[in-house]
Each structure stands twice: as structure tokens, then as C-alpha cells.
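Structures for review follow.
Both complexes below contain chain A, partnered by chain B and then by chain C.
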Partner chain A sequence: MQERERLLEIEDLKVEYITDSGVVHAVNGVSFGLDHGEIIGIVGETGAGKTTIALSIMRLLQTPPARMAGGSIRLGGTDILKESKKNMRQIRGKKVSMIFQDPMTALNPLETVGAQVEEVILIHEKLSRVDARKKAVEILEMVGIKGERFQDYPSQFSGGMKQRIVIAIALACRPELLIADEPTTALDVTIQNQVLALIRNLKNELNTSVILITHDLGIVAEMCEKVAVIYAGEIVEFGEIAQIYDHTLHPYTRGLFGSIPNINATADRLQPIPGSMHDPRIEKKGCVFADRCAIRQECCEKEKPELSAAGEGHYVRCFFAS
Partner chain B sequence: MNSKVETRDLKKYFQTPTGTLHAVDGVSLKIGERQTLGVVGESGCGKSTLGRLIIKLLGNTDGSLFFDGKDITNIDKKELRELRWKMQMIFQDPYSSVNPRMTVSQIIAEPLKIQNKLTGSEREERVEELMKTVGLDSRYRMTYPHELDGGRRQRISIARALALNPSFIVCDEPVSALDVSIQAQILNLLKDLQDQFGMTFLFISHNLAVVKYISHSIMVMYLGVSVEQCQTEELFGNPLHPYTRALLSAVPVADIHHQKKEIAIKGELTSPINPPPGCRFAPRCPCSSERCFQETPKQKEVKKGHLVACHLYE
Partner chain C sequence: MLKYVVKRILWILPVMIGASFLVFALLNASPGDPARIHTGSDATEADIEKFRQDHGLDKPFIVQYCDYIYKVFTKGDLGNSYRSNTPVAGRIAQTFPVTLKLTLFSMVIMLLTGIPLGILSALRQYSLLDGIVSFLGMIGVSMPNFWLALQLILIFSFHLGWLPASGSQDMRYFILPAVTAGIAGMATIMRTTRSAILEVYRQDYIKTAEAKGQKESVIIWRHMLKNASLPIITVISASFCGSLANSTVVETVFSMPGMCKLLVDSIVSLDNIVVMGAIMVLAVTCCIVNLVTDLVFAAIDPRIKSQFKRRQVKGS
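After this line comes the complex of A and B, so read on.
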């Protein structure tokens, strides 16, 4: 494989939410990088901080209640967290764009889908209306929406089609980075397949880098090259897909694999992770996963394990994972 | 084997401004005592409507319905009230299916209160017992649902469903809103409850892996009709209907060595409003012929216990 250039570098990102009942430590020192044309999966459960990371990259977090408590996000040389609001408007849509879980709410119901694709192009590119329209039609056709439906409204499309339109808007200006936050969770499995294939093809054709946020380990296996497993705002395991799936190290990652029924095997019994995620308002001294962990020892409650190398490019945050 | 629940050619049509919506269009099924029938299909295929018909939350348009061998298609209100003690439902969204203004113990005690057979202190004892059964710590008795996470909330609705010792429960996507680690806890709980109390389940889900894990037999639905029905191992080992095959091939598998044999199906679900004659799946089917667009295939037993509705197997 040829050497690829670094596109995104997140270092020690910390995000908090200030709430009436205390400070929620949503993201707690997350670092990872992404090359051009690479797909990385971020896996974790509700409240793990996946979406907060995505919205931080987009600078779409509302502050307050959110507070960027530290770290940096560098996208192709620019430090996103230090950019002005005005510059961010140039970056969003042009360099990085995001697709959301629910295509039903991501589109404006009162505007035709064509106009919504055209709008992004008009904002970011110096094109005449006619050319912008031409380009919008092209992009819609690329995602499989016929040009003659340009003047239709979102309500006239099904869920899968709407997600295609959302993807068309996200890709209209050929961003270098696409963040897909649970892009197929609201879709049926046969439609999900079509949308995933579309993202994969676009990545291959346009060399777009993709951050795919999902809770579905099956989708990650199909789509991603690298995986970050995130729990309670921290990366607990990071590595190439083969490392994570075939040499699973962290007890939480193992727990995730033990929790999903496999369609290819007959399991007598699933092995769920006991308990549920701890209250993110309470900062934990030791390992964030300790109270649900099967192999915890005394030191886990007292000291926080570092994310340390367990192999070439494989990192794990656990004292006893081996 | 005696069947606990049976439907014969069950139909439910809804009148809409644009025509008649065939939500459930002639479904026949049998669920054996202490068995779980999984119903899979994509959104809009009528699986939830089917669940509601069987538990009589909705009246059917045509066909008949049997419970414990008794025809309950046209029973009166009083009989239905008593029947409801035996059949319960668990809903998908644990956030909206419990009353936010009631405490956990009030929610679980509600069916007992309505049944009015127990005294106050007996009820409290029963609530305690139920909470233990579903794995809810008794310290949550006085808390409100919003203070608990999704998994615990789903445990509340399971405890409520169990309160009157039902023999049959319709579970409508009970784990779809939950995280995978919690999902596994709830699935194991449902399995244990079935072993412990000998209950019969109708388990509705869009997730094939989940259905495979929990069900003894499976029915695959497409646009209001059952396209395939058989034992679980048979369905996964020997899927016959082109839709079932496509569905199985589309599931992402959490194994990087899994060789995906993709059977792409074109387009999306067609409208269930005034459906044209012929097979419902024909417009998307990779194997469809002219006949499929003219003649509706009947569900036939092609192998012992394996029912398929497809012209390929005639």
C-alpha cells in the first residue's frame, strides 16, 4: 500500500458539558489521526462521546453548555478549534462535512431537494446559478437520484433516498473529510447495504477520508480499515481492523463481541457485559471500565491505565490485556 | 404439539385517502406452547400490525384468530378483558411506553391494581418479587423512569408485562433501542423467563441475528404477507425465498473473514396501498418472471415444516 498523507490529527481532545447537575466529562483526552482516503470506525455505546467528537471536528457544539476543555484538532494544517466562526463556515461543507443519523430531520421540508444541494455549491464555489444547478444534478445522479426529481420535496422520497440526498449535500463540494454519524441506523438492512456501498464507492472515487461512527461491529468489519473503540469518553482500544477483530485485547471490546448474536453461528447464550456505563458526571480515578470488568484487580480502581502499544499500531488501555 | 396462538388468513386493511392499505394481507401462523416465533421484515412490512392484531389491540378485517384453541376473533369486551391477563406486550421504546409521572413500583403495580385481586401489601410483595425476577435492584422502587437508563427502563416494562403471569407475550422490537451490551442482557432475560415460566413469545424484530438467537421458528414478512416460515436452523441453513436470501446476505457480519455473497436487490419497498396483483416482491426480485407479476403465489409446504410463497418452488 502506498504511503498516504495525514489529513486529520486529533490530540488529547477534552470536551465537557456544563449542566445543572454537574460537569459531564463527555470526551476525555481522545487522540487519533486519519490519512487521506482512509476509513476509520468509531465504535461505542450511547453516551460514549462518539457524536461529541464528531461535532467538535465540525465545531458545531453549542458552547455553553459544551466547553472545549483542551486538546487540538488539526485538519490539513489548520487548527480547527482556533479558527474564527467566519472561517469555519468556509471549512464546513468545503473541507469537512457530516451526515447525520436521521435523514428525516436533516433536510429542510420546505425546500426542494435540488435547491438544498445547490445551496451548498453556491455558498462554497464561485459558480453561476446555471452551473451550480448543473453540478447539483450531477451529484444527485451520482448518488442515484434521477435528475428529473430535482424539484421534488423531501417528503416525496423514502428514507433511503433521503439519506442519499443528505450524502449528496455532504459531498457536493468534494470535502476531504466526511463524518458519517450512524448513517444507516434509521434504515432497513437492504437499504443500508445500498447506502454503505455508496459511501464506499465515493471514497474510492474521490479519495475522501471517512469517519464512520456506529455501534454496529458488522458495519465496521465491512467498511473500515482502522477502529477506535470508545468507552465513557476515552479510547480503550485502537488498531487496524484485523487487530481489533482477530486479536481483541480490551475486556470492553471483548464484551462487545460477546454481546452480539452472530448470524453465522448458533450461540447458546450471549455473554453480555454486566451493569451499565457509570455516571459521566463523576470523574473516575481509575479505569473507566473497572466496575463492569471481569478481570479487574485492585489497581484498576486506583490508577488510570494509559493507552499503550500492544503491537504495531495496536493500542489498548488496560493493565491486564494481553 | 398444541398451538398456543393460531391465525388463519388474518387480514388488516386501513382506509387511507389514497386507497386501501393492505397492512396485513392473509397471514396464517401457529405458535406452539412455550415456543418463540420470530417475525422479521423491514419497516412497513406489517409486523407490528400483526402483533397488535394477535393481542387484539387492533380488530382484524378478515380471517380468524385462536388462543389456547379457542376462537377469539369475535369475543366480547368482558371476555377480552380477562383474556388480556393472559396476553401482554413489550414495546420497542422504553422511553415512551412507561408513564413518566409514576414511580417504578407504581408502574409495575398498575396491572395488579386493575385486576384487583391482591391487597395493598400483597401487591407490594409482588412488585418486589417482579423486580427481582427482571434484575432490577429494589432500591429503584421509588425512582422515576427518567432517572434510569434504557436497559433498566426496558426491565420495568418487562416486569409490568409479567405482573399478571401471562402465558403469551408479544415483544415488539424490545431491544432495538438499546445498546448492544444491554441488548444482550435483555435477550438473556427473556430467554430465562421463558424457561422459568413456560411462556410463549411472538418476537418482532428487524434484526435477523437477534431473531435467530431468540426464536424457535421464524416468519419472514414482506409487504403484509408471509413469504417464508420454518424452524430457525432451517431458515438460516436453507433459505428458499429470494427475499429471505437477499435479506440474509445484506446483514453486516462482525467478522472480517466473512465472505459476503451479496444478492443485490433493486429499489425499495413498493406501496402497500392498493397493491397490484402478483407477488409483492416481484418488482425487486432478481428471479422474477412474467408469471410473478400476474399471479399471487400461495404459501406452500415445500419440505416438512418449511413454508414458502414463491412460484420458483411449485
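After this line comes the complex of A and C, so read on.
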């Protein structure tokens, strides 16, 4: 594979939410990067901090309650966290786009879907209304929505079609980076596959880099080149798909695999990881996963393991991973 | 769409029949004999009987009601006042404009203050401004109308002498009454606007618009206000009818020759036929306001329109 240029570099990102009941440490020192045209998966259970990372890249976190507690996010040459509001508006929708989890609520119910696609084009491209409309129709057809439905309202579309429209909006200005935050979680299984296939095809066609956020390792296996497994705001394992799948190192990642229903397995029950994530309001001294870990030792409670290399491009945060 | 409009207009009829029957029955059942009162203390039994015959009061209740409805629909005749023997329709035509003017004026005050303050306090949630506005809103809804009216009269008429305390000769006479009627409604509209905006603010489509790189001002006007307008419009139409009802107090305190004052006076003097007429006019006005509200809703919200279209397709 040819060398690809670096597009995104996140370093030691820390995000907190200040709430009445304490400071939620949602993201604690996350670092990863992404090349042009690359597709990377972020996996973790609900509350792990996935959406917070995504919104940080878009600079769409509401501050307060959110607070950027440290780190940097570089996109191309620019430092996202230091950009002015005005510059950020030019980056959003043009260089980075985001798809939100629930397509049912992601579209304005009072505007035609055409107008909503047109909106993003008119913001970023100096086109006349007529040309913008032409382009919006093109984009809609690209995601499989007939041009004649331009004047229809979101309520006239099914969930899967709405998600296609949301994707059309996100890709209308051919962004370099697409962040898809659980784009299929709210959809039926059959529709899920269609939407994922659409994202994959468009990614190849437009050479867009993608960050695919999900809690489903199965989806990641189908779609991504690399995976970051995230737990309680920390990356616990990072590597290429083959590494993560064939040489699973972190006990949490193993647990995630355990919770994928396996057709060949004799057991007919899922094996969820026992216990639940620790309270993100309390800063933990040792390993964040220790409470739920099957192979924990005394040192795990006392000292925090570093994210360390376990192979070429394969990193794991565990003392006993092997 | 036209079919929907016609259907909504036709719906007013059964509503009005139901309302008129209820009011007619209540007036009929209320204590006191209008015939005895309005013929005076030295009237003979014959005088009283003649009064009853003149006004149709000798007939059974249900016949009286049917007569009334028949005359209203065929001749627009609302009967003659028991007290002055003048046509009720004429009295209402004289007084209703005053009430309508007062209500519209107070609506303008409500909207021009309530909506901007509601928006501001929602956009600056938990700020000092938000706190002050919320506090004033609470005072606004909990302050009794008549008391507020008296305070305004004391300050602006007696002490400062800026504005007249009673009458309706020109616009200046409407200021204090309209402010009185407007303040309670303003608080309601402000609170609804604030919570509607906050509700819309959390919606994903606002995030989508932000993710497009849209400007904040455009997001507010294009995406937030239009969506928030639906609950606000509902409250505006309720406030209009509330204002009409409030006019009974306001017109009485400020001695304005409006229809609501006429209504109150007629209730006191057992001039039931005038009471009936005035209440009917109020009811029709509220029906019309609700009709307009529904039509505005249908125009703004495509979900209502498409719902209707679908039904039409199924029906045909």
C-alpha cells in the first residue's frame, strides 16, 4: 500500500463535563491519528466517551458544561482547538462532517430535505441557488434518494432513507474527514448493512477519511482498517484490524468479542462483560478496567498501565496482556 | 387543503350550537325572574305577563331556545334588551369594537415583550438576565388583574397624571387597560417561548445545522424559531381568548364602554338576553381564533399537511 499523508492527529485529548454532581472525566488522554483515505473504528460501550471525542473534533461541545482540559487536535495544518469560531464554521461541513446517531431527529422536520442539503452547499460554495439545487439533487441521487423527492419533508421518509439524507448532507461538500457516530445503531439490521455499504462506497469514491464510531466490533471488522478500543475515556487497545482480531490482547477487547453472538458457538447466550463501567466522576488511581477484569492482580489497582507497543502499530494498556 | 379549511369552518357550527344551548340553559335555570325585575316594583301581574309575551318568556324553555337560534340564523336578530328594549345586536355592534381594540392592543404588548424576552432568556440560560426575566414572569402570572389595574391607575393617573383612568375616547385611554391585560399574558408567552426554545435547542437537527458550519444567527432564525413557534402559537391563541375573558375585569375597573363591561352589567341586572348575545360573540371570536391557529399550524408544519394528504388519498 502506498504511503498516505497524515490528516488528523489527536494528542492527549482530555475533556471534562462540569456537572452539579461533580466533574465527569469523559475523555482522559486519548491520542490517535488518521491518514488521508483511511477508515478507523472507535469501539466502546455507552458512556466510554466516543461521542465526546467526535464532538471535540468538530468543536461542537457545549462549554459549559464541557471543558477542554488538555491536548491538541490537528487537522491538516490547523490546530482545531485554537481556531476562531469563524474559521471553525468554515471547517465544519467543508473539511470535517459528522453524522449523528439518530436519523429520526437529525433533520429539521419543517424544511424539505432538498433545502437541508442545499443549505450546506450554499454555506461553503459560491454557487447560485439554481446550481446549488442541481448539486443537491446530484448528491441525493448519489445516496439513492430520487431527485423528485427534493421537495419532500423528513416525515415522509423512513429511518434508513433519512440516514441516507444525513449522509448526503455530510458529504455534499466532499469533506476530507467524515465522523460517523453510531450511524446504524438506530436502524433495522437489514437497513444497517445498506447504510454501511453506502458509507464504504462513498468513502472509496470520494477518498474521504472516516472515523466510524460504534459499539459493535462486527461492524468494525467489516468496515475499518484500524481500531481504537476505548474504555472509560481511555484507549485500552489500538491496532490494525488483523492485530486486534487475531491477537486480541486487552481483556476488555476479549470481553467485547465475547459479547458478539457467535453462530458457531454452542452456547446460545451472549456473554456480556460482568459488572459496569466505573463512575467517571471519580478519578481512578489504577487501571480503569481493573474492577471488571478477570486477570487483574494487586498492582492493577495501584498503578495505571501505560499504552505500550505490543507489536508494529499495535498498542495495549495492560500489565498482563500477552 | 381547501377541503381541510372548509371542514374546520363547518366544525364551528356544532361547537356554537353546543355552547349556546349550555349558556341558554344556565341562564334559564339561574335564580331571579327577569320579567319581574324589568317591569319594576309597581307593575301589575298583567304588566309582567305582557313583558313575558313580548320577549317570548311565556313559552317552554326548548321553544324559547329554538326561536332564539332560528332568529339568529335567519335574521341575525339577537333579541331586544329586557332593560332598554333596544336590539341586542346594536348594543354589541357599539361595544364590541372597544373590546376588540383593547384585546388586540394588549396582544401587541404581550407579543412584543414576551417573545423577545423569552428568546433572550433561553439563549442566555442561567444568566442574570434569565433570572430576572423568570422572576418578573412569576410575578406577572401571579399578580391579580384588578390589583395591578388599581396600582397603575394610582401611579399613572393620580400621582403622575400622565394617562386617563377611565373612558375610551382615544388611544391614550387604552394604554393602561392594555398594559394591565397584557402583563399576565406576557408572562405566559415569555415562559412558553423560553421553554420552547430550550426544547428545540437540544434537538439533533440543531447539531446538524451547526455541523454544516451554519452561522448562529441563521440557526436561531431558520431552525430554532420556526420549530419553537408551534407551541408559542398555541399559547398566543389561548392568550387571545384569555385576554377577552380578562376584559371583563379590565373594562369594569377602567369603566370602558366595551362589550365585556356590557356583559358584566347585564349579568348583574338579569338582562339575560344581552348576556346570551355577548357570550355568543365571545364564543364565535374564540372559535375563529382557534380556526386561524389551526390553519397557521397547517401552513407551518408539513407533518400536519402530509397527514391530511394521506387521509385524503385513503378516503378517495
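By our rule, the second predicted complex is superposed on the first by the 315 of 322 C-alpha atoms of A that agree within 3 Å, B and C clash if a C-alpha of one lies under 4 Å from a C-alpha of the other, contacts with A are read in each partner's own complex, and residues count from 1 in each chain.
What we mean here is this: contacts are C-beta pairs under 8 Å (C-beta built on N, C-alpha and C of every residue); 3 or more make two chains touch, one makes a residue touch a chain.
Values in this document were obtained by computation on a predicted structure and should not be read as measured data.
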{"item": "Partner chain(s) touched by A:Asp188 [first = chain B, second = chain C, both, neither]", "value": "first"}
{"item": "Chain B versus chain C as contact partner of A:Gly147, first or second or both or neither", "value": "neither"}
{"item": "Touching partner for A:Met58 - first (chain B), second (chain C), both, neither", "value": "second"}
{"item": "Which partner reaches more residues of chain A (counting touched residues only), chain B or chain C", "value": "B"}
{"item": "Which superposed partner A:Leu217 touches (first chain B, second chain C, both, neither)", "value": "first"}
{"item": "Which of chain B and chain C A:Asp246 touches, first, second, both or neither", "value": "first"}
{"item": "Touching partner for A:Gly311 - first (chain B), second (chain C), both, neither", "value": "neither"}
{"item": "Interface residues, chain A side, partner chain C - complex", "value": "58, 60, 88-94, 97-98, 100, 102, 105-112, 116, 119-120, 123-124, 153, 155-156, 166, 169-170"}
{"item": "Residue ranges of chain C touching chain A (in the complex, touch as defined)", "value": "203-205, 207-215, 223, 226-227, 300-303, 306"}
{"item": "In the complex with chain B, residue positions of chain A that touch it", "value": "45-46, 158-161, 188-194, 196, 215-222, 241-242, 245-246, 255-264, 266-267, 269-274, 276-277"}
{"item": "Residues of chain B that touch chain A when the two form their complex", "value": "42-43, 149-152, 179-185, 187-188, 191, 206, 208-210, 212-213, 233, 236, 246-248, 250-256, 258, 260, 262, 264-265, 268-269"}
